[in-house]
Each structure stands twice: as C-alpha cells, then as structure tokens.
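Labels for the chains are A, B, C, D, E, F and G, by order of writing; each one numbers its residues from 1.
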Amino acid sequence: MQGQAQQQAYDRGITIFSPDGRLYQVEYAREAVKRGTASIGVRTAEGVVLAVDKRIRSPLLEGTSVEKLHKADDHIGIASAGHVADARQLIDFARRNAQTNRLRYGEPIGVETLTKEVTDHIQQYTQVGGARPFGVALIVGGIENGEPRLYETDPSGTPYEWKALAVGADRGEIQEFLEENYDEGGDLESGIVLALEALASVNDGSLSPEGLGMATVDAESEQYVELTKDEIGEYLDAEGLLDEGEEDGDADDEADE
Amino acid sequence: MQGQAQQQAYDRGITIFSPDGRLYQVEYAREAVKRGTASIGVRTAEGVVLAVDKRIRSPLLEGTSVEKLHKADDHIGIASAGHVADARQLIDFARRNAQTNRLRYGEPIGVETLTKEVTDHIQQYTQVGGARPFGVALIVGGIENGEPRLYETDPSGTPYEWKALAVGADRGEIQEFLEENYDEGGDLESGIVLALEALASVNDGSLSPEGLGMATVDAESEQYVELTKDEIGEYLDAEGLLDEGEEDGDADDEADE
Amino acid sequence: MQGQAQQQAYDRGITIFSPDGRLYQVEYAREAVKRGTASIGVRTAEGVVLAVDKRIRSPLLEGTSVEKLHKADDHIGIASAGHVADARQLIDFARRNAQTNRLRYGEPIGVETLTKEVTDHIQQYTQVGGARPFGVALIVGGIENGEPRLYETDPSGTPYEWKALAVGADRGEIQEFLEENYDEGGDLESGIVLALEALASVNDGSLSPEGLGMATVDAESEQYVELTKDEIGEYLDAEGLLDEGEEDGDADDEADE
Amino acid sequence: MQGQAQQQAYDRGITIFSPDGRLYQVEYAREAVKRGTASIGVRTAEGVVLAVDKRIRSPLLEGTSVEKLHKADDHIGIASAGHVADARQLIDFARRNAQTNRLRYGEPIGVETLTKEVTDHIQQYTQVGGARPFGVALIVGGIENGEPRLYETDPSGTPYEWKALAVGADRGEIQEFLEENYDEGGDLESGIVLALEALASVNDGSLSPEGLGMATVDAESEQYVELTKDEIGEYLDAEGLLDEGEEDGDADDEADE
Amino acid sequence: MQGQAQQQAYDRGITIFSPDGRLYQVEYAREAVKRGTASIGVRTAEGVVLAVDKRIRSPLLEGTSVEKLHKADDHIGIASAGHVADARQLIDFARRNAQTNRLRYGEPIGVETLTKEVTDHIQQYTQVGGARPFGVALIVGGIENGEPRLYETDPSGTPYEWKALAVGADRGEIQEFLEENYDEGGDLESGIVLALEALASVNDGSLSPEGLGMATVDAESEQYVELTKDEIGEYLDAEGLLDEGEEDGDADDEADE
Amino acid sequence: MQGQAQQQAYDRGITIFSPDGRLYQVEYAREAVKRGTASIGVRTAEGVVLAVDKRIRSPLLEGTSVEKLHKADDHIGIASAGHVADARQLIDFARRNAQTNRLRYGEPIGVETLTKEVTDHIQQYTQVGGARPFGVALIVGGIENGEPRLYETDPSGTPYEWKALAVGADRGEIQEFLEENYDEGGDLESGIVLALEALASVNDGSLSPEGLGMATVDAESEQYVELTKDEIGEYLDAEGLLDEGEEDGDADDEADE
Amino acid sequence: MQGQAQQQAYDRGITIFSPDGRLYQVEYAREAVKRGTASIGVRTAEGVVLAVDKRIRSPLLEGTSVEKLHKADDHIGIASAGHVADARQLIDFARRNAQTNRLRYGEPIGVETLTKEVTDHIQQYTQVGGARPFGVALIVGGIENGEPRLYETDPSGTPYEWKALAVGADRGEIQEFLEENYDEGGDLESGIVLALEALASVNDGSLSPEGLGMATVDAESEQYVELTKDEIGEYLDAEGLLDEGEEDGDADDEADE
C-alpha cells in the first residue's frame, strides 16, 4: 500500500487505474457500504431469508421508511447496505427488468439473470466517465426453478453467489459468525434464527424488533413475504435475544438510515 | 475525520467518494440547509401541520414573498429549508408530477409516491456529473388513503417518514423538543401548538406572526390550507408566545430568506 | 469565514458548495451587482416608481444608451444593477415570456409570474455546469389585478417582494434611508420624491437629471412611462436636490455603465 | 485590486466571477483591444465619420488588406480595434443580420438594433463555457430614420451610444481630445478633421494617408462611402497634419494589423 | 524508468503518451490483471484446454459463481484473469459477435476473427477519452477449420496466438513452467495434466478441485465442455497433486474473485 | 513580457486571453511556423511566384513528397510553412471551397474570397474549445479579374495582402531582403529570380534545385504551373546561385519536412 | 530544449502547442514507435519489399500472430512499427478505404491516395481533443500505374515518399545503412537482400527466419505476396546471415510484439 499523497493522486479521477491496478473510487464506494448498517442473507433448503439492521436515530422516525428491504418481484427480494438513495436507483432498475422479463417472456426472471443485469449496470458506472460508482451492496435472494438462490452485488459490479452472507457494518465479524454456524440443510426458521443470532452477535447479544426488518422467499410458494414486527419479536423472544431497552440511535450514521 | 488539506481534495469533484466513503458535496449541501431558517412538520391523528420560520430582514420586505410553504396539490403541502431557488425547482417538479398523476390516473398522487419521485430526482444530481446537489430539504405532508403522512427529503435523495420533524437551523434542538413533547394521538390544534412551541423554544420563547408561516392538511377535507397572520397571532397569544417587539432581521442569513 | 486559500479552492468550480454550504460563484455575482450604480424601486398606493443612477463617465456618451431602465410589457418595468450585458439577456427573456403570455392567454402576464419565470431561469445557471451565474439584480415593478407590485431577482435566483428597495452600489445605506422614510399610503409623486431623496442621500445630497433615469407604472392606466430629463429636473429642483455642477464620471466603474 | 497570485486563480476559468465580482477574461479581452491601433467615430449633424489607424509594418504589405473599416450594410459602417480575426467574425455576423432584416422586413436594419444583436452575440461568449470572449471592440455608425447614430460594442457585450469616441491604443488620450474639441453641430467635414486631429494628437502631430482609413455615412444619401488615399491626403495637407516621412512600422503590434 | 513524481504526471490522463512513449493507464490495467488469480490455456493436437484458479475466500461462497470460465459459442471458450466485472463486459461483447456471425453468415465465427473483434473493442478504450481501459486479460480457445487455436487479449488491445500461456498472478513462473514442459504433439489429457501441473507449481505442489475450473474444446466434437469437480479431482489424484486440506482464502485478493 | 511561471499559467488553456490580452496558443502556433523551412511569395506585374525551401534530410527521401507547394485551383497556388499535416487540412479545405464555387457560380473563386474563407476557418480553432490552432502559415497566390494577388494566412486567422513576403524560418531576414530588392513592375522571371536570391541570402548564397520547389500563376494564362528541377537549376545557374555540393539535411527539423 | 518541469506542463494537454511550437504528445507517440522493433521498406525497379523484425519473447508464442505485415489490398502491403493495437486500427481504416475505392470507381486505389487518406485520419487525432495520437508508423508499399511506390506515415500525420526507409527501433542506424547501400536500379531480390542486410546490421550480423516477416509487391503481377519462413531462411543462408542460435526475447519490449 502506498502513502497518503500517492493515494490522493488517484481518487480524483473517477474511472482510472492506480499504478498497482486498483480502482480507488470503487474501493471508496465499498467504504460507503461499510458506513451503512448490516444486512444479512441466508439460503436454506426451504428458501432464502433476508434480515436488515435499521438502527433508528429518533423515536419520531418511522422505522418502516428506512428502506433496506425491497420486493423486486413476487419471487425475489433484495436487501441493501450503504447509500440509501443509490440503492433506490438499483432497486428500480431491478424491478423494471423483472417486469420486462414477465412481459416479454411470460415468466418470472431468474435470480442469477436479474443479479447480472444489475451488476452489468453497476460496472458501467465504474468504467465510463461522468458519474461515480454506486455506493451500495445488494443481497438478491429468490427462487429459481424451485431452488433458493442468494447473490451479492458489490460496487465494482461483480456478482457472487452465497450460501449465507453479510454486507455493511461489521461484515467481517458477522460473516465469521455465519461461517461457524451455517447449516446448509436447515429449514426457513433455522435461517431466520441464524440471521438474528448473527446480527445480535455484534449488538451485545440483544436486538429490538423496531430496529429490524426481515423477509423470506419460500421455495414452495415462491412468494416474497416480509415479517411483521410482532413476528420478529416472537423469534427474538424465543431465542432470548429480545432487547426491550431504550434505543439510542446513532445520529452520525447518515449513510444508511 | 481527516484534516483540512485532505478534505479539500474531495470537495472539488462533485460526485466522487472520499476514502472513507463520504460524498462531501452532499454533506456541504446539508450545511446549506442548516443556513436556512427552520421548518417544522407535525403529524397528528387529524392531519398534518407545517410551520416555517421566515425571519424578515427588512420591514419593507413582504413576508409573504419569502417562499417556504408551498401547495403541491390540493391534498399535499411542502415546507422547505435551505437554498430558496433550489427549493422552487423541486416544488415545480413535485407539482408537475402531482398534476400528471391526476391526468393519467384520474386520482390524487400518494404522498409517499410523490416524495420518492422527488428524492429520485435529487439523487441524480448527486451521482451524475455536470451539476451540484440541491441545497434544500423538504417536508412533504399530506393525506393518503385518508391517513396523514409526513415525509422528509434530504440532499442525498433519501426519503424518510416522520411523526414530527424539523429541518434547517437549530434542527437538533427543535427535534429534541419535538421528541419530548410529541403526542401521537393529538388533534390538529395540538399539532399547531406543538410546532409553535418548538419554534419558540429556539427563539427566546416568543414569536411574531409576521415572521411565521403555517399550513395544515386536514384528513377529513384533504385540503391544504394556509393560516392567516391573524390566526397564527391568536394561537401565539393563547399560548403566551406572542412577541410584539421589533423584529431585528438577520441580514447575513441569505441562504434562506 | 475561512481564510483566503480555502476560499480560492471553491471559486473555480462554478456550481459546487463550500464546506459551510455556500455557493461562492453566486456570492461573487452579488459583488458584480454591487459594482454597478444603484437602482431603486418604490411601491406606492397609486403605482410603482423605478429610479436608476446612470453616472456618465464621458460627456460624449449618450446617457440614454446606458441601459438600466427597461419596459418589459405595457404594464411592467424593470430596473437593473450590475453587469449590463447580462441584464440585457434577462430583459429579453422577460419580454419574450410576457409576449408569449399575451399570445397564449390573451391577457397581460402577472408581475409575480414573470418574476418567477426569470428567477427560475437564473437558478439554472447556478446549478448546472458550463456557464456562470448572471451578475445582475433586477427590480421588477408593475400592476397586477389593479394592484402595484414590486419584486427583486437576485443572482441566486430567489424572488423577493418589496414595498421599496435598492440594489447595486450603496444598497445598504439607501435601503436604510428607504426604511426610515417609506410611507405605504403615499401617492406616485411621493414615491418619485422618496426615490430621488434616497439616491441623493448617497450623492452628497444633490443629483443631476442627466445621470438619472425614472419610470412609473400607474395603477390606473397600467402603463409604463419613462420620465423626461426635464420632468426629473423639475422634481429635483422642487426638492432642492438639483446639482447643476460638472459631472465627474467614474471611469473605473465599468461593470454597470 | 488583488495581487498577482490571486489573479492567476481566476483567469484560467473562462466564464467565472472573481471574489470582487469581476470577469477577468473579459477584462483581458479589453487588453487585446488596447493592443490594436486606434479607431475613431464622430457623429456630426450631417452624418457619421469613421477613422482608423492602420500602422503598416512593411512597405510590401498592402494597406488595404489591413481590415479595420467595414461596410455592414448600405447605410452602416463599422470600424474595429483589437483582434482582427475576431472582428471578421462579428462583421460577418452583423452583415448576415442586416441582410436578413432587409429580406424579412423589406427595410434597412436600425443602427441600434444591429448593435444590440451584435452585443447579445458577444455576451454569450462571456457566460457560456467552451469558448473565449471576442478580443475586439467595434464602432458601429450609420443612419437610422434620417438621424446619424454612433455605437460602441465592447468585449463584455455592452452597447453604448456616443457622440464621438475612440477605441484601441491610446483610447484615453484620444477620448480626452475629442471631449475638448467636439462640436455637436458640426458638418461632416468638421467631423473628418476632428477625427484626423485626434489621431494626430497621439502621433506626434502628423499622419500619413497610407496608414489611415476613413469612411462616412451621410444622413442625406444614407450611403457608406470610403475616402480614397488622396482624399485623406488632401484633408491632412489642408490641416497641416501631413507626414511625408518614412513609415516605421511597429513589428510587435501583432494583435491588430 | 523515471521517478515517482514524473510517473504521477501521466497516470491521471487516461489516454496520453508519456515522454518515453508509454501508456501508463494500459500498464496499470496490466497490474489489475496480475492482481487476479491465474488462468491457463494449452493448445494440444486434439483441442484446447482452459484451466482457472478460483481461490475461494469463504466456505459460504459458491465457487461456481466465481466467473473465470465462459462459453463464448459452442466451439469457443474464454478464460479470464483480472477485474471480473470488466471481463463480463468483454464476454458479453464476444457472445453477441459470435451470435451475429452465425445469424449473418450461417456459420460459426473463427477464433482469430472473434479475438480481433474483441481486441479492437479493447483498443478503443485506450485511445478515446471518457473511459478507462479494461482491467482484464482473456484466453480465447476454440476450433477453427478443425484446428485448435489459442489466443490472448491484453489490456492494450493486442492479440497474440499461443501454444500455451498463462495470465494473471504468477504469470512469469507459470509461463516458464509451460515453456519447459510443453509438448506440441500431446493429446487433450496431456494438456489437462500440463495445465494442472503448471498451476500446482506455484501452489506448493497441490491443488483442491473446489478452487479450480477447467474446460476443453475438442477438435473432433468442436464442443466447449466444462469438467466437473469430480473429474478435476480424479486428474489431481492421478497426478498426485490433490490437496485435501483446508482452504485459506486470500481475503485481500479482491480484484479477481 | 512576463516571467516563465506566469506564462505557463496561460498556455494550458487553449482559447483564453492572458492578462495583457494575448492568446499564447496562437503565438506558440506561430513558433511552429518558424520551425518550418521558408516559403516565399512574390507578386509581379505578370503573375505571382511561389518558392519553397524543402531541405531534404535523407537522399532516399523523395523530395517531391515534401508537400509545401499545392495547386488549390487552376488559377491559385498555395505555399505553406510549418506543420505539414495541418497544412494538408487547410489545403483540402481550400480545394473543396474552390470546387464548390465553380459548381455553384460557374466561375473561378476569387483569391481574396478563398483566403478569407480559409482564415475564418482558422479563427474558429482559436476561439472555440476542444482543438488547438493550426500550426501553419499559407501563402495564397493567384489571378483575380486578370490581376495577380498574393495573400498570407497566419495562425490567428488574420488575412494579409502582400506584394512579396516570406513565412517560416528566417522570415525576418528574407522579408528584409525582399523589401530592399522588390520591384513592383517586374516580370515573372524577375520575380522568380528575386525569390531565389532571397532564399539564397539565408543559405550561404547558394541553393540546390533538389531542395527547392517553385510555381507560378501567370496573369495571362491564369494557370498554376510548377517549375521542373531542371528549370529551377537553370535559373540558379544563370544567377550564380547553384550549389552542386552535398546536401546535409537537418534531421532535427521535423515540423516541416 | 527546455527543462523537465517545463516539459511536464505541456504533455498533459493532448493537442496544444508548447512555447517553442512543438506538439509533445506527437513527439511522445514517436517514442512509442521507437519502442517497437524495426520495419523496413525498399523500393526497387521491379517492385517494393517490406521486411519486419518480430522478436519473439516466448517459444510458445506463435510468431505469425505478431502482426507487423499487413495486406491492405491486392496491390498494396503495409508494414508497421510501434503500438500494435493502434496499427490494427489504421490498417482496418486503410482496408476499408481501398475496398470503397474499388466499389466506387471500379479500380484499385493509388498508393499515394491511400497513404494520404491514412495521414489525414492520423492528423485529426493530433488536433481535435478527446483522444491521443496514434503511436505507430506505417510503411505503405505498392504499385500505382505500374510503378512501385513506397510511403511512410508518421504520428503527426505527415506523408513521406521514400526509396528505402526504416521505422521503429534503431531507425537511425538502419537508415544510414540503407543510404550507403541502396541501389535504385536493383531487382526485387536485391531489395530483399538489402532489407535483410540492413536488419542484420543492428542484430550482430545474423538473423533467424522465425523472427522475421517479409513481403513483396511485384510491379508485374501487382500482387502482395508474403515470403515463407523457408524462403526467408534461404535468403539468409545465401547471404551468410542465418542465425540458428537460441532466441532471447526481450520481455520488456511490450509496445510492439
């Protein structure tokens, strides 16, 4: 890694390589992702689970308006971390593509296809001048040919498929937790519990339903369903993760909430 | 946070990330919002209340021409804080969208829909080169399906839904006042009083009707209505907040008035 | 306020925010306005009065060609201060809009409507790259629905309505004079006298008709009328403000004359 | 006035304001005008007189090809000072506009109208990016409604009307001479003599017809007529201004000849 | 080679030459290729072999989603090294061109033709401004007129034909291994073994099938076929190269996986 | 004249004025002209003569391919000095214009008209951004209405008419020679001799026909005719200017040959 | 020649002149040519000979894929030196132009015509912004009207005609060798031998056929023909220039091979 001065020389030009072959703007966009609270995806034998941490900075803010969970199509959900306004652009792009696929081919779009259409779109913003990269990572989860599929899009425009993953703040620690506790053969409920335990592991072991969002896409029904605050509370209570205490929002965490 | 020199390196390029994943131009646009006098929104069970502080710098200036309160459609009002000329652009954009919705679908636009059309428009100015972000925050309040709704748009293009909020100068203090005194079940009048008290709390406890603007959107009538100077005066008088003294305008506060 | 070096960093990019939320190019355009000689507008019960200081730098220069007073439509006049060539662009824009309104709707354009069309046009030059802001302020005065109206447009694109105002050189002092001496119920003549007295107050108490331009828009006739040099001279003489002495033009004052 | 370093910061961006509200590129374009030899215009009761100083740097150069006097239309002549190639662009623009006016309205274009079409064109080059200002000043003289009219266009795009004026090198001294000796009621011949005397006043009191160009537009005939070298010589001889000596061209004066 | 400061001067402008005739952005893009894990191509008498090293950084990541092996057409495969998202753009470009060729001429595209269409596309990004070069190298292998052909595209847009080659990390060492052990007359199996041995030579002599991808294009069948993990495992086992140990992904190797 | 540092500040922006009103890029383009070998034009009573110095840097280079003499139309020749590739662009432009004139008006284009079309084209490259000025000067010679005419175009886009002139290397000295020896009433042969003597004056008094190009346009025939190497040799021999020695080309003189 | 710092100031702007009238980007592109291995062209009485040095850096690289010899049309061949990917663009351009000529006029394009179409294309990249110059020199050889013709295009866009020339590495030494040994009246075989001897003169006197490419265009047949490796070997053997030793490629020489 080079010194400060050297680095400054490259971060002003949006789409150029540094002497060691790096794209700094893309790496800085990854930092924007880390500034957002965590989102988690878990693939189980029965479907995919999406869970998002929506730390609320004021009791007067409607938690539902903190957009981190999105329905892309009946059978696909997307969780985001990072720059919220950027995420909205990509979600809209994904929805239009899913819609177009239904109109053109009369069938739901594949999870992999949709993910790669999104990452190709992201890549353009890292190569062609006149715009900055997207400061957001998405977890795309859904059902394709009856099988649960879970993908990640990162700010470079690279697609990855995962069994379980975390993006956003504390990604490293949560990912480690997932690696240690993931069970490929589990059911949807075990996926929900794993996601909550993983999030709790970086939140002093307890969570409040107000600050969470969860959704599943069942392989059977092939339907995206968001969990209610009560349902999330019941899971937390059952796992001994429920935090009834006062929220103390983090007013500085602007990038994501 | 980095030093001065480092920061300078990033604020010249409009739409690029800093090494820690921040968009300085967007953060500076938030400063432009803070340079404007405060605007407040309160959602009550009966409707939404918008209140704006229009500190008048000269007795010869017509207070009504200080544009901080805008009717976006019959059932939606918008209060702004920050760069006035930028606000006008967004208000025009919102009005055209509301109009188009009525023409195309024969029904009033939803408050959430309108807010997100505006924030998507704002986001474009933070990602694509050749322009600066909008230096303004809006409070969008109205009735959707008979329910009062209250949204904020910030310079990054993120939408938030609130029970009550303040934007502009002294946002922190006013928001704290709102958090301590907000009552979700209150009627419209209680909302008007809360807004006035909140504004007074950062103005030595008293206000002049000449320097204020207020509007409500009633859930029953679904009509945007601006309060007259006399009506505001009566509320102030009743609450013991009326300031009959001489205004001493703040000639330096150019960004907002 | 920051130091010299810091400031330099922001004034090169036309349309970007400084860390404290300011648009330096817009503020510098305001300085261009101050470099121009003063223009004054006074609203009376009977109509509006426009007065402009056209200090002539050479006796061979035709004072009438120093364009600071413009007829925008039969019922609207505009006085300008600042960069003359920029003013011409805005005046042309205003005239085309007034003309279009008559053609499209068969009626004269409203003073407020016209002012806001101009300010929206000005705002574009402060947000989108590839051009500088307009270095000029306009006073738009006219009759709307039988009522005298008086507006200001500033280089940020913000519209203000005034009872009486000054723009250009010595704005602060003249505005103070207007505030102390303005009488809302006065007739047109009293407005003419107030404007002349205000100008004289920053010119050692006396004025020459050659260096002045005046116009009125009467609420009755709804007609823009420019005063002749003789008429101005009579007013000056009657008020004891007439300066018969030699003009000594200010050759450095290039921005306005 | 600021120091050297400060100034450098602003002269690179074509169309931006300096902190004191100046447009340096426009001021530098004025310097380009001063680098050109002088041109003079005199309005008399009988018509307008244009005179230009065409210092010839080599005896092999055809003086007639040094373009400083131009016929814009039958009734309008233009004298220029400054960057010759830029002047040609504006002259072409003026001729096309004059031609168009005749075609469209069947009558000669007004002198004021033509001047303002040219200055509006010039202004565009000072506000919109991607080009530099025109480095030339024009004296537009002609007959409008039987009256002699004399205008100046400067690099900012401001039009001025004059009784008599000089542009280019030694403008200050020549203008002073004109102010002291101008007689508004004089005939065309007195205008020719005044122009020659004014030019001679900054040329050691004598002139050579080879280095001069002169034209008149008579209010009676409304025709642009260029004087021959002999005619100029006769005037010089009669006034005792004739210099028969050797020319010593100024090889450094490139901007204008 | 010049010093650091000198080099900095050239790497900011995308498409310009350095004083010694180099294109630094292209050279930096080559560094991006080296940041990716290795890919190998071997041409044998019976067909071509492609092998890629896909070091997996988490056990939860689906190795199949690490895209380094691509089918361009029935008879052509492409292995990539470097920036994954960039590779996807070129692969899509290649697929569209192969498709178009079939539609237009009714026959499969030539391997050389396809390669040169890709390199011409790459070259454009090194000469015309507004975009950066592609940070990826491709190995294009297939059958043309019954003959196996193996090409490389590099970030400058130069095509090369090879008997056997490596791109990406450790290119130098692997290429040396290939040069020493290549046998032009070998069969497909010998090519597979050579590729595995070459990769193992820079991996402590052993490989895991999970971290590998392999494909062949047989000269007989003219079909691109990917080997299964089991098939790869059998080859590794037979050659004594099988590593059953724990993977330890290289989390820093972001450019490629 | 300012110092080095000051100058550097202006030479990077193509089309902007320096504080003293100069266009440095145009002045640097003039330096490119001086880097080319000399070209000479002489107007005689019988026609025009063009002569060019084509110093050949290698005996294997075909002197005829060093393009400095061009036929623009039957009756017009052009000699160039400076950047050869730029000259080709202007010559093509001139030829197309000459051709168009014949097609449109059925008659040969005037020499002055053609020159000014070329200079207007050149001027555009000095005012509008996105390109550099042309680094070449042209001598345009031909017959117009039976009269020989000789023009120069310089990199600023200014046209000049001459009796005799030199452009390129040693312009100053050759021009002085021409001024001392030019005889306006001479015949074509005297013009040829004058041109050769002028060139020889800066070449140690002798010239080789291999390194020269000459052409005439006769007022009688109105035909552009190039002299053969033998014809040139005869003139040189007759005037005692013939150099039979070895050429020693100047390998550094790249801009022109 | 100026110092380092001065030079840096000019090499960043693609298409601007330095104070001494040079275009540094064009000069740097010439350096890119020198980084490529040599190419030679020889014109004989019977036709033209093209020879290229293709130093192969790996025994696994197919020498035939190192593109330095190209058939532009039946009767025209092109040898290149410098940036290979750039050369491909120009070759494609030349081929399209040759093709178009046949289609449009039903006859083969002239060698001079084709060369100048290519150089005019090259020139555009040196004057208009947004792209860099081509880093390649071409030798264009062919038959025109039964006569052998040999041209060079350089990165400035200047065309030259030669009897024999070298471009690329060691140009100076090889050109000297050609000047000393060229015999204009020789046959094709003598041209082949001269080219080989010239190349050998800078390669320790011996060459390997693997590292060479040769082609001829016979004036009789007017056909471009490439020599086989065996044919080249025979010539080398006959002249005592054959090197059977090991190649040691120059891995650093990336620009050309």
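Simple rule for what comes next: a residue touches a chain if its C-beta (ideal position, glycine included) is under 8 Å from a C-beta of that chain, and two chains touch if they have at least 3 such contacts.
If you're wondering where the values come from, they're calculated on a predicted model, not measured in any experiment.
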| item | value |
| --- | --- |
| For chain C and chain E, chains touching each | none |
| Shortest contact path, chain D to chain E, counted in steps | 3 |
| Mean-CA-position distance for chain B and chain A (Å) | 31 |
| Approximate Å spacing (C-alpha centroids) for the pair chain B, chain E | 55 |
| Euclidean distance of C-alpha centroids - chain B vs chain G, Å | 69 |
| Chain F residues counted as touching two or more neighbouring chains | 12, 129-130 |
| Ring order of chains, beginning at chain C and proceeding to chain D | C, D, F, G, E, A, B |
| Residue ranges of chain B in contact with chain A within the complex | 6, 9-10, 12-13, 15-23, 116, 119-120, 122-123, 126-130, 151, 156-165, 175, 178-179, 182 |
| Touch list for chain B against partner chain C, complex | 4, 7-8, 11-12, 14, 24-25, 28-35, 58-62, 64-67, 83-86, 88-89, 92, 125, 129-135, 254-255 |
